[in-house]
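Notes for the one structure printed next.
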């Protein structure tokens, strides 16, 4: 079974790296900057999770993530102009990555002995925090705070994992349900343009709030 | 005694979360984004401190911080328009949180066996770093770098803790003096509009500085 | 030999802190903000490296970095207007710091038992990540992603370290070659205005990419 998960992991890393490299290219970053932003988008969430869990980040043990980001950069340099026509393909890849990263983060946290609610947060961090660092690096307000259902899909998947495990289902079944839920929630949210309510703008705290 | 400290901790967390949620709402974040910004404002400083001290962040061991942030979000959604009249109340709560977080961060660092100057820095990080992450997320220059006495109040409190412990006073007395100093410094600084000098603008380093 | 390395470390820390303080002053930060930005520029890269390697950050064990940043702030406050004439001097200091930080980061990572490619990344993080945090704090897109050869000089130095160690040379020789390579690459890149290619601007991912 590792081969199948590794293939999904590679696809997810590639899609996340592409997403970072494309946004970096829109800001006219050089190749090095684009590579770094792509790499951080792909491994940033998992790295924050691993720092919080006090384990060694996965990318420090296996050069596959570096290589995968390199291939993503090569892809954008060579076929950049064709990427526009592949938006839907990359959206699918990105959603596969999101689902897989959530399942992996959830599993690693439970293995480390934490409660399920910590695992749900770690699954969401694994899936979504890389994109937050990416947006900070390109000096934009993180997209996931303002638009669409993204990290909430991870939370939904994690919650269903919880319900499945409460119902006594096996870990593999819980993981599959979780991954499919993340993937389906993300797809449906984009297809039907489902958003969370926006907080109406209060003035942001006045002169006394810091 | 734990109950009293826990109540102060809850008040501080609530006030910090409110501060994050209000600034997020001014930038038209959705509910999820506002929740995340509120949560990170409340627990960000302590998390950075715990990563540096190599201990497990407190919020991963107790769901109270998640719940408290949820209540803060509910409060802003329901009573947002009334918050403006409560600016002074929240300023007091925020200052209580600042004082308490400083004392907690200082104590945890000393317990971990570090020098007092490390503890003063960690106390200030506990109190002020959450607001820095908040401002990075909403894409603003961190307020504490430009305006008012905020983190300097933590440094003042930590320094008085040091002097008290040099004078041989008991830990509880040192902590009380530290907390009161932070609280009073913050209040007086805002009341009398005391600021640190601004560095006059040099051009920022020319083409050769990176 | 420790004295010589410590002098270089002090020079590098001072130069990095000056770079942070000058950019903070261009944004009209107060003294506290300028100090924090200077400190984070100097120790940020090493701190991220130490968190990833799971060791205690160097600045928590020795107050020299705090003192050095304080001297840098004093320097800018007192002699700010004369700094413009010293651009070339500080550029040399900054490049010495970059070279030394790379060698130190590489060595620490190899000592911790990681592969050479991890050490090259850690050397680059030690040299360049402080500047990235600095630019995030002053709300600018990190310079190293868009301009000049900076972190790539660290990668070049690290790669030559690798080749030297493959050739069976002693650690001290490898370190010297690495440091000189970083320093020379940085100087030549600025002197001859050598840049990496920029990724041509694609639109950044459309509405579906997050």
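Going by the order they are written in, the chains are A, B and C; count residues from 1 in each one.
Note that contacts are C-beta pairs under 8 Å (C-beta built on N, C-alpha and C of every residue); 3 or more make two chains touch, one makes a residue touch a chain.
Since the model is a prediction, treat every value here as computed from it, not as a measurement.
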Taking shared numbers over all numbers used, above half giving same and below half different, the chain A and chain C interface sides are different
To bring the C-alpha trace of chain B onto its twin chain C, one rotates it, in degrees rounded to the nearest 5, by 120
CA centroids of chain A and chain C: separation to the nearest Å works out as 29
Residues of chain B that touch at least two other chains are 51, 54, 136, 139, 144, 147
Chain B partner, complex, touching residues on chain A are 51-52, 54, 114-115, 117-118, 121, 132, 136, 139-142, 144-147, 151-152, 195-206, 208-210
Per the touch rule, the chain C residues reaching chain B in their complex are 19, 21-34, 36-37, 47, 51, 54, 56-57, 60, 63, 66, 76-77, 80-81, 83-84, 87-88, 90-91, 94, 131, 136-139, 143-144, 147-148, 150, 190
